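Next come two complexes built around subunit A: one with subunit B, the other with subunit C.
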Partner chain A sequence: MILETFMADDKDVLRDVWFGRIPTSFTLNQDEVTEREAEPYYLLLPRVSYLTLVTDKVKKHFLKVMRAEDVEEMWFEYEGTPLKWHYPIGVLFDLHASNTVLPWSITVHFKNFPDSDLLHCPSSSVVEAHFMSSIKEADALKHKSQVVNDMQKKDHKQLWMGLQNDKFDQFWAMNRKLMEYPTEEGGFRYIPFRIYQTMSDRPFIQRLFRPVSPEGNVHTLGDLMKEMDPAALPNDGEPKRYQVVIHGIEPLLETPLQWLSEHLSHPDNFLHICVIPTPTD
Partner chain B sequence: MNQPGLRASWPTRPAVLTDPAGVSERSGRVLAPGGGGRSAESWKKDIVRQLKHRDLSQHAMFQDLIRFYTQLLEKTSLAKGILSCSVRRPSSDSSSSVSSLLQRNNQLKKTTGELAYQVVELQQQIKIKECVLEEQHARLSEEERRLAGVLDARQELQERVGQVQEKNGALKMEYDVLLERQREAETRLREEKVKEGHLLEDMIHLKKQAAARMNSRNERRSRARQANLQKELQTAARSKVTVDSSSSAPTSRSTSPKKENHDPESTEKPHTRLFRSASATSPRILNSIRELFDRKRRGHSVCSLEEDLMCPVGICVSARVPVRARQALEAHEQGINAVRFSSSSDLLATGGTDRVIKLWEVRAGSLTHRATLEGSTEGVTCIDFNPTGLKILAASYDKSALLWQRDESVPKLTLTGHSRKVTAARFSSLPHQVVTGSADRTIRLWDLHRAACVQVADVPSYCSDLVCSENSIISGHYDCKIRVWDTRTVSCVQELPAQGKVTSLDISSDHRQLLSCCRDDCLQLVDLRRWSNDRMCFRAEGFKCGSDSTKAVISPDGCFLAAGSADGAVYIWNFSTGKLETRLPDQHSSSISAVSWSLSGEHVVSVDKRGLAVLWSDI
Partner chain C sequence: MNGATGRQQCYTYCYTTPRKKKRAEVLFYSTPPQSAVGADMSSCVLDEQNFYRCCCLLLQQSEQLNDGWSWEAVQDSEEGYLRKTTLRSVVINSSTVWDLEGSSSESEPSDQQAQESEQSVPVALDEPDTMEDDTDDDDDEDDGVCAVSKGNSKVLQYEYHIMYSCSYSTPVLYFRASTLQGRSLSLEEVWSSVHPNFRLRLQNSPLNTISLQEHPLLGQPFFMLHPCRTEEFMRPVLLAAQEQHRPVNYVLSWLSVVGPVVGLDVTLRYSQLHPAASISSTESD
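The block that comes next holds the complex of A and B.
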């Protein structure tokens, strides 16, 4: 009975992670030249996808009020920060606007593309390439690339199509292979993760970390944070200064890292962890 | 710049609502960190709960709202689009704008009409397609039914096949059983046959043993008899006998050199010639010998050694030329071909076309019929008596020679082998041998014990007659030659020419002279001892050889020759003078075929083609 609830819980977690949504409002930048007034566009963005994949409707909406000659590559910005399309949407929200008022207000630009901050994304195949390379990198850490190399090209395509078309079953049919590990190991070889910090010059922290210690102890989230970003964890007695957020929630620090990697990873198989300052109000 | 008023109001409050809840929740949790003893379940449950809460606050709240907003946006944009279109038209004429509106309205109506028409068409097509589909379904179901039927039929046939196969199996088993039984029966049969063979062998063996025993017994008995005979003879020889001075002391002398392998104690052969009625020797000896013979005569044997050995040979002192006919007798119904006096002078044998041989006794100047010998299937060509007179040999047109015992009318032996008529059959000088000559150009020697031909000599020409002397066989042929054969080697040692076709041969009693009668009416006499070619030829006026088998004879004393002529008269020549001695006509009305002179010299018998036999004598 306990095992069944376990399993049911795991499935629920996977589904909830996949179908997570962020209500967003897209507002055209004031400086853009429009023929008439452009209404804002509202959209529920999937946490696990990428901006340029899911904003076709936004583009169509705003193109209605603009002339064709004024339209260049669309890019997004939140409170002055250009949003990197190659981060998952959920990560962008948790990092920049997690404790703010919903819906998330994104400003849409069609001019003055910031080449220094953002990558160009001319088509969805660019997104696909980025996505697949992340998967391969994750599997290199987990299985020394054995699993992903055993998969055929159509399997890779299935992963991408699952993400692009928002098909949970199609995606997980393939992805579960990437979540398997030999039982004698106790887990993956290394956990693929990235820790994002709001105030940092580094884009993210990514290092080798085993899920099980040499003595056989299971590593937890707390062990990881202690190792990678000890400042994120509160000292004894002090109030919490930082929040460790994954997918918009704060898992308990004793959560096993292996389980987190299996269930709370993004579709690109990485565990994206955001460390944000605790809201003070 | 252009900010629709929609933005401002509603989003914020829900955020405010959620936020403190979320914060309090989160802070609540932070205050109790690291509590020991939390199970795996708890952190997972915590995560699940958090996710649910997040979704509720972030997703669920805004979902409907955003959807309605988007729909509204679309509708307004559509309306705006229409309005803006109409606004963009050259607005010089409001009425024109109205008319254009009306036009647009009409256009729209037309398009809707067209669309409706298309809809109807498409619906019809759909209907047609549905019909076709139904038809195909129907056909498919029919086919399925047929298939089912066919499968049933197949099932049935398979069942029948199975039944037939079962029956076949049963039949085969029965057949196997029967085959087994048949084989057993066959093996038993074979065993029985083998047993039968063994039994036969045993039986034959036993019979052979019995026969051997019989033979040995017979031999012993014959030896005993011989010993007895010897003893008796010796005693008789040694006994004093009152005899004439002319007779010599009875001593045993061997007579014929050719009997060297047999008992030398044959009868004596006195120098003087015996008359039939007078005997110079002691009657006792002859009688006792005859008695011995009488006792020993056995009924069924073809020939016995004693018989052949002990045969008295009579010699004629002088023959008397016949003068008149004593008797003329219709001896046979058809023509008579052969006539012969037996060497013991008791009997006369005649034979001819009527296939029988009649035996006559000559007594007191007349012929009395004694017996008839039957058995030949065709006419008789030649008759011969054996030296004892007990056997009669005849050659026949039916390609065989027949042998009778004197007292039996059924032949003892039939010698077949020639392929054409047998013209002459004679007893050979060897005791149980017979020589036959035939028109098939062979001369055959027969063994009477085995009743089989022992030798065949091929001759170039038709053999018409033959005679036997001690070592040779002499045959006369149609090619005008007389051939002399050695008896042992059966090879021709000499050829004597004749005047014409040889019709008959006769040899004198001392075997010195050979008489041949030829078709050219000439009789030849050849001296055999000298082997010279001087021949005496005898002709006579009026003498004509009547046929190819006319027989001529030498008289027993060797002084006269007799032959029958075609004119029915008997001609008799004197040998020493070479001239015709006498002619006896008027008895035969047809050509005379044969003559015979009795051993005593008293009688001559002639026979003719009508069946008449005439007995001549000098009294």
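The block that comes next holds the complex of A and C.
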């Protein structure tokens, strides 16, 4: 009975992660050429999806006031920073706008695509390829690719369709296989994670890290941060300068990393961790 | 200047590592020394330390051959990548139709939808033979500039980076390509510039073979040759070398297989240099 309750709580976490939303307003860049005034467009963006996958309506809305010849590949920017569509939406928000007033104000562009900053994304096939590539890489780390390689093409499709169509049950029916591990191991081989910092030239930190030490000690989020980005953690007695954020929350540093990987990963099976300056208000 | 410092680090890394291992195996073989000949070669992968060692050797040899590779270090760390720029004369056949649907998963070669209409212009006439040029004694720089221009043949600037993927335990190749006027090539143009000899896998699943990715150290868009199949083709190479008791530089062997797919040729002169000669005098055990 108690075990079932515990499991039910864990499943709730999976649902909360999947259904997380960010209220966003899309405003057309004022330099775009329009035939009429463009009204902003409001949308609840899924944290776990990708910008170019969920903004067809945004494009349609602005195309109504523009001529076809003035429209090239759509791209997004927040306060001067081009937004990388290949990062999950929630990561972009936590990294750039988490401590600002909602709705998140994104500017929409149809010209001057910054191809030295952003990847082109001409179709949803590109998003699918990127998503599946992340899942495969995550499984290479967790299971030496054995689980993902044992899946059939239709299983891969199910993962993608689940994300694309916002179908939690369809997605997790397949994704749970990627979350299994041999009981005697105590966890995955390595934890798939990326740490993002706004203040760094480097786009992210990603290295090998085990969920359990050779001696059998369970590694925590704090252990990971100490190893990968010690500057993110406060020194004893000092005030906290940075927040370690996953899906918009700060998990306790004592949380076991294996549990985080199973429950707070994105659909791409990676733990995306944002290190942002603590707000100074 | 920066290159020298980076290489210095790479050098230092190569020669001052305190662990005592059999020289040949540590420097050349990707598998741990315990995996003797005949034992189970369960994985033909490369660990990070050996990656750096292989890069060191490649750098030394590149210097001897004037092949243009340099080491770029990342901000006071051992981490970095091998870098090389070249000019190439390339025919981009823009009439090829690329089937992106095939990229959604691994398609079998016999898949109907993968055999899309490839309306290529007959290659023999137009395509400059960039493969053979590199075995000449000419400087690589001369390759592209003096090729005969036949309408759709362009001189392009290529920049190649070799990095280590800890997820796949293999090297991985990133590159960018632009015209001499500075316009970046599109992904379709890159696909269309791959030599027909290497087109099969690309046609089946272009987005899973070469795609646009964020450079993991620099953050800018680069084309990447997907590494997930590397172990498959490196296995016979490594097994053959082990059977013949021949030392192998994993990175160099890997590069000689994947490089030509994206226009990067590895001159045969590398194989003429004795791999152990350059380190025997300085190695301290």
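Quick note on the criterion: the second predicted complex is superposed on the first by the 279 of 281 C-alpha atoms of A that agree within 3 Å, B and C clash if a C-alpha of one lies under 4 Å from a C-alpha of the other, contacts with A are read in each partner's own complex, and residues count from 1 in each chain.
We take it that a residue touches a chain if its C-beta (ideal position, glycine included) is under 8 Å from a C-beta of that chain, and two chains touch if they have at least 3 such contacts.
In this text the structure is predicted, and so the values were computed from the model without any measurement.
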Residues of subunit A touched, compared between subunit B and subunit C (which is higher): B
Which of subunit B and subunit C A:Thr255 touches, first, second, both or neither: first
Partner chain(s) touched by A:Leu102 [first = subunit B, second = subunit C, both, neither]: first
Partner chain(s) touched by A:Gln170 [first = subunit B, second = subunit C, both, neither]: neither
First, second, both or neither for A:Gln243, with subunit B first and subunit C second: first
List of subunit A residues in touch with subunit C within their complex: 84, 86, 115-120, 123, 125-126, 128-130, 132-133, 136-137, 140-141, 144-145, 153, 156-157, 160, 192, 201-204, 206-208
Residue ranges of subunit A touching subunit B (in the complex, touch as defined): 2, 5-6, 9-10, 12-13, 16-17, 19-23, 25, 27, 30, 34, 36-44, 61, 64, 99-103, 234, 239-240, 243, 247-256, 259, 264, 279, 281
Subunit C residues within the subunit A interface of the complex: 43, 74-75, 100-101, 103-107, 166-168, 184, 186-187, 207-208, 211-221, 226, 228
Subunit A partner contacts - residues on subunit B that touch it in the complex: 1-4, 6-7, 11-12, 14-16, 18-19, 22-23, 26-27, 29-30, 33-34, 38, 40-48, 50-52, 54-55, 57-59, 61-63, 65-66, 69-70, 73, 77
